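Here chain A shows up in two complexes: once beside chain B, once beside chain C.
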Partner chain A sequence: MELALQIPAYLVLAPFLVGIIRKAKAFLSCRQGPPLRQTYIDLFKLFRRGIVRSRTASWVFDLSAPVILGTSVVLAGATPLFSRAVPLPMHFILYIYLMSLPRFFQTLAGLDTGSAFGGLGSSREATVAAMAEPALLLSLCGVGFLGKSQLLDGMLGGIPPGRIFLRPELILIAGTLFLVLLAENSRIPVDDPATHLELTMIHEAMVLDHSGIDLGMIQLAAALRLTVFSALITGLLFPGSLSLPPVLALPAAALKIALSGLVVGVVESGMARMRLSRIASFLMTATVLAVIALAVRFAR
Partner chain B sequence: MGPPVFAFVIALTYLISGAAALWIRSPRLSRIIGFGGGAVASGMGLVAALVRLLQGEPLRIALPAPVPWVASELYVDGLSLFFLAVIFLVGFLSSVYAIGYMRKYDDEGRHREKTAPLLFNLLLLCMAAVVSAGDMLSFLLGWEGMSLTSYFLVVFEHERAESRRAGLIYLIATHIGTGGILLAFLLLVQSTGSFSFHAFAHVPLPDVGTQALAFGFALLGFGTKAGMFPFHIWLPHAHPAAPSPVSALMSGVMIKMGIYGIVRFLFYLLPAPPLAFGAVLAGLGLLSGIFGVLYAIAQHDLKRLLAFHSVENIGIILIGIGSASACEAAGFPGPSRLLLAGGLFHVLNHALFKCLLFMGAGAVLQATHTRNIERMGGLMRGMPLTGIAFLAGSLAISAVPPFNGFASEFAMYRGLWEGAAGGGTLAAILITAMAGLALIGGLAFICFVKVVGTVFLGTPRSAASSGARDPGHAMILPMAGAAFLCAALGVVPFLYRFRDSGNVTVFAALFVTIGILASVRAVSLRRNGKRVYETWGCGFSYATPRMQYTASSFADPILHVFRGVLRPRTKKEERLSGRFLLDLEYETHIGDLFENGLYLPLYRLFLRFAFFARRLHTGYIHLYLGYILGTIVLLLILFR
Partner chain C sequence: MNTLTVLLLLLGIHVAVTDRIRPAIRSLALQGILLGFLPLADSAGSSWRAATLCLATVGVKGIAIPAILTRATSRLGIGQEFESLISTKANILTTGALALAAFLACSRFGLSGSDELGAAAGLTLIFSGLLMMTTRVKAVSQVIGFVVLENGIFLFGAASGSEFTLPIELGIFLDLFVAVFLMGILMFKIHRTFTHMDVRKIHTLKD
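Up next is the complex of A and B:
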């Protein structure tokens, strides 16, 4: 029962998370911001529209949106949200590498239209992803050592209970994952999802030529990926939330997601975007944090 | 029919069809018989190797001795059979491909194309001999035969200075390598008093120092052939210079002979090597991987780029093998087996997708008449089949699941993780290897998005690219076969038969989800409409192909990040009139650091020495006789 609910819960929570982030940012800059339901309305509208497709695009472009959303849904099926069991148990290496499938199609779709903006976005996206890869891998590898399992649900469920503040490696890994979350989900300080100038975009430049249902799928997929990362980090910081009774589990999950939305919103409001050439140092920092976490783990 | 007879029949088929190709007058028939015979022999060999692999124990066959007092033998065990299967598989695919590809030399009327099948078949035969040799002499005979035949294939287009230069570099490199192998073997011969591998395996070298020396020489020798960093410099010259089927064969299997040698040495001939050997090997693998892929990103020449990716993949394989040896030495046999299996599986996988990519590159080259990817674009329209096959190969080489490149790296990651869970020095080595593999994977991803994006997608950047068409069946079918195998080996469950991983379930879920979403999209578009229109150009409407993102701009951000190690040389010239810029010239070039920084100076030093030594050659025969006398006296004094 709970297992069948996981993917629908993710699909419902994903636009909610985006809404929370917008609300938080609006609140911190003394604006009212769009209502929470606005993201749902936008997605619904996009899904009902036809598309305008570039004359140059090939079948790769047509296939990209389903591949991107499909992979995100599968990833959501493997990430524990409100219980230790998941509908789709997945090895953590497969989990990380599966993220490259939608990226391959998304970056290719960016190049497929023959537009300079698409290429620019693709190039930057691929660069950021390559730099983030070691940090992501090492941190999940560390979680695996802590939880003594190679499966994502197993490693999160296997973390022995105890006070989080007495375990520096957990905090370090969560920190690494948060930096990776910012980079992989095109948030400030790596990318600005709200920028209006094509030349400064990363993710948005790549999807400039997507419209209608394609754009809807891609936006939903992006929101899903952000939610998946949030669930991963909060699951790590609050291991207890994965073994709550069913009545409390769903509200607790919503609370966790809302909390990470607030944090992302606060970080985005408090920082400016970095120069592109600085992103490498940002992600290098993340990798170093992960290495320290592993060293702490083995020093014990 | 016993295995020796069958092996003899296969060898004879290679030789006869190759020799027949020389004598047949019609170039077309010569091609079909020569390469066709090669394909038949490879097919037979593949079946035989697979059947034997499933049932047999090691096979030792005594051969008539090439040198009177030395016993010569074939030794074929599971490792040899695995490599034989890889050789014959790629041999089969590239022979069929060559039937179509080599047609472009038919109209030259120079008859040199008739030598190609013979050389090609001999190369295959020599490689088969290398992996089935059971003693030092037959091994070296096969090894040299392989090096020489491949040299002649590299300089096949000898009218081009580039080919001749590549051939020379290759010839020097491969002989330095052979020297290293010879020295390594001689150390073993010295301690065992026998030339047979069987004897090597059972008599350990006396001390760690000698072991390290032998291993060092073996690394130099086999590493050079494999294209391991820092002995890789010949590879990016030689592979692009050869005709495409030859590049496929060389990159797909010939460099793997170096891997075979290293595995044979580390796991069979050297009993119980210390942990440091494996660590050194994994470290060199890491450097090969990272430098290989970084240089690949900087290339615009399609075949040169693929050649650098061979350096990268050899690095990945060496990470697997080196970590396997380190795990073994540290007493973790489980992870060691996983790592070795992953490394060897990657040998097969790389052979498949690299062969596929070189065949695709050959088709593109033939259609566009250029190797520069900046002049291609939009080929998916005219060459849809080549495009799909190349895309499959690119996904595989970038280790994107569910293709085969991921499957082997997955096995390696599992081994690394399980080995690292034990802690200690080993954990530090294996975790570094894991981080390195992740970085290599990310960088390879950039490179292949760049290649597929600029070659097959977007709009054509030259007239030749807009008129490009798919090649004929002989070239398409092997590509399709390789692409099918790349996908199949990624999803078949045999490698995932481990306790706690449900990869196959995940793949099934993935296919179903994507399928549902694609159908939803199709139905929705039928209802809501789809309009074909211009690409968004910021409101302007005079977009030209030249306004597309180029491969160089695509690669620029990551090269900028790594500029510290790549050291690009840039030249910028401005012509000003007062304060106004009239003209700007900008040039940037990334050369191989080791080629320019180490090998060229060494080469110049050697030349200086050679010019000095030339003074000994005066032309007087009396003096030469004196040299001989002096040498004999010296030897008598030293080794009395």
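Up next is the complex of A and C:
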């Protein structure tokens, strides 16, 4: 029962998370902000629209949006949200590969349209992604050592319960994953999801030529990806939330996601976008944090 | 205890990799204050000894030295930027590699006593302080590197469990305080004479 509910829960919570982030940012800049249901309305609107296609685009462009959404759904099936068991148990290396598969198709689709912006965004996205990879790999290795498993659900479920403030390696890994979350989901210190200024945009530049249902799928996939990362981090910080009774499990999951949305919103409001050349330092810091987390884990 | 040690380590790394001087001094002050609570958390010593040490550490490393450094930077009109011989990226990677080397050294060669994490964190601070002293070109950041190095020695000493007597530890504090104080005055004199603080240019001095 819980297994069948997990992917639908992710699909419902993903636009909710984006709405929470927008609400938090609006609140911190003393605005009203769009209502929480606005993200759902936007998605429904996009799903009812037709597609306008570039004349130079090939089958790769047509394939990209379904592949991106499909992979994100698979990732959602592998990440524990409200119980230790997941519908799709997955080795963590495969998980990391599946995380970069949508990006691969996204960059290809960006190049495929023949617009200058697409290529520009693709090149930047590939750069950021290549530098975020080691940090993600090392921190998931760290989780694996803590949870004594190579399966993603096993490693998150296997983390021994205990007070979080007495376990520095867990906090370090969660911090690393948060930096990776900001980089991989085009959030503010790395990329600004709300800008369409051609000098700075990364993710938005790639999806400029997508429209209608394709754009809807890509936006839903991006929201899902953010939710998956949030579930990963909050699962690390609150290991007890994965073994709650079924009645409490879903509200707890929604609470976790809302909490991470608030944190992302606060970080986005408090920071300015970094120069592109400084992103490398940002992600190297994340990698060094992951290395230190691993070292701390073994210094016992 | 472990969380405190890792916090000290992270603050040291922040000091080593940041390229702005004010946040570095702030982190240094916080590190000094946290370092003061280390003898309290470690309940082995007698309580008045731990309390005196705590007070001395917080007073010297948490308040006095950062105050002197802040005063020096504002009086000398030193800008926001640290200047380093190596780039920020190389700095981050080198610091990470040094941290890894310190942890490896502690586990391989048995450098540590009971608290391996504390010893490794202390060694990392020593390494990154040395790195700062050798690669930074401004005198103020070299002094910051020196204080980080000293904090590393303190942490390493506390972790390896060798007990100094109280007079010796207080003497070390006095030494450090006087050293930073003198360096502050010296920096001011150098600045007044040469109107810059770039140590690379001092090599060109001849009589």
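Couple of notes before you dig in:
Quick note on the criterion: the second predicted complex is superposed on the first by the 300 of 300 C-alpha atoms of A that agree within 3 Å, B and C clash if a C-alpha of one lies under 4 Å from a C-alpha of the other, contacts with A are read in each partner's own complex, and residues count from 1 in each chain.
The working rule: contacts are C-beta pairs under 8 Å (C-beta built on N, C-alpha and C of every residue); 3 or more make two chains touch, one makes a residue touch a chain.
Everything numeric in this text was worked out from a predicted model, so none of it was measured.
In the superposition on chain A, no contact is made by A:T195 with either chain B or chain C.
Looking at the shared chain after the overlay, A:V296 reaches chain C, while chain B stays out of its contact range.
By the touch criterion stated above, A:Q38 is placed in contact with neither chain B nor chain C.
Of the two partners chain B and chain C, more residues of chain A are touched by B. Within the superposed three-chain model, A:L166 lies in touch with chain C and out of touch with chain B [touch as defined at top]. Of the two partner chains placed by the overlay, chain B and chain C both lie in contact with A:T287.
Residue contacts after overlaying the shared chain place A:L69 against chain B, while chain C stays out of touching range. Residues 280, 287, 291, 298 of chain A lie at the contact with chain B in one complex and at the contact with chain C in the other.
Chain contact summary for the complex, chain B toward chain A: residues 377-378, 380-381, 387, 391, 395, 398-401, 406, 409-410, 413-414, 417, 420-421, 423-424, 427, 431, 434-436, 438-439, 441-443, 445-446, 449-450, 452-454, 456-459, 500-503, 505-506, 509-510, 513-514, 516-518, 520-521, 524-525, 528-538, 543, 545, 547-550, 553-558, 560-561. Those residues of chain C whose C-beta lies close enough to touch chain A in the complex are 2-3, 5-7, 9-10, 13, 17, 88-89, 92-93, 95-96, 99-100, 103, 106-107, 116-117, 120. Across the complex, chain A meets chain B through its residues 47-56, 58-60, 63, 65-67, 69-71, 73-74, 77-78, 88-91, 93-94, 96-98, 100-101, 103-104, 107-108, 110-120, 122-124, 126-127, 129-134, 136-138, 141, 144-145, 148-151, 154, 198, 208-209, 212-214, 217, 276-277, 280, 287, 291, 294, 298.
Put simply, chain A touches chain C in their complex at residues 165-169, 171-172, 280-281, 284-285, 287-288, 291-292, 295-296, 298-300.
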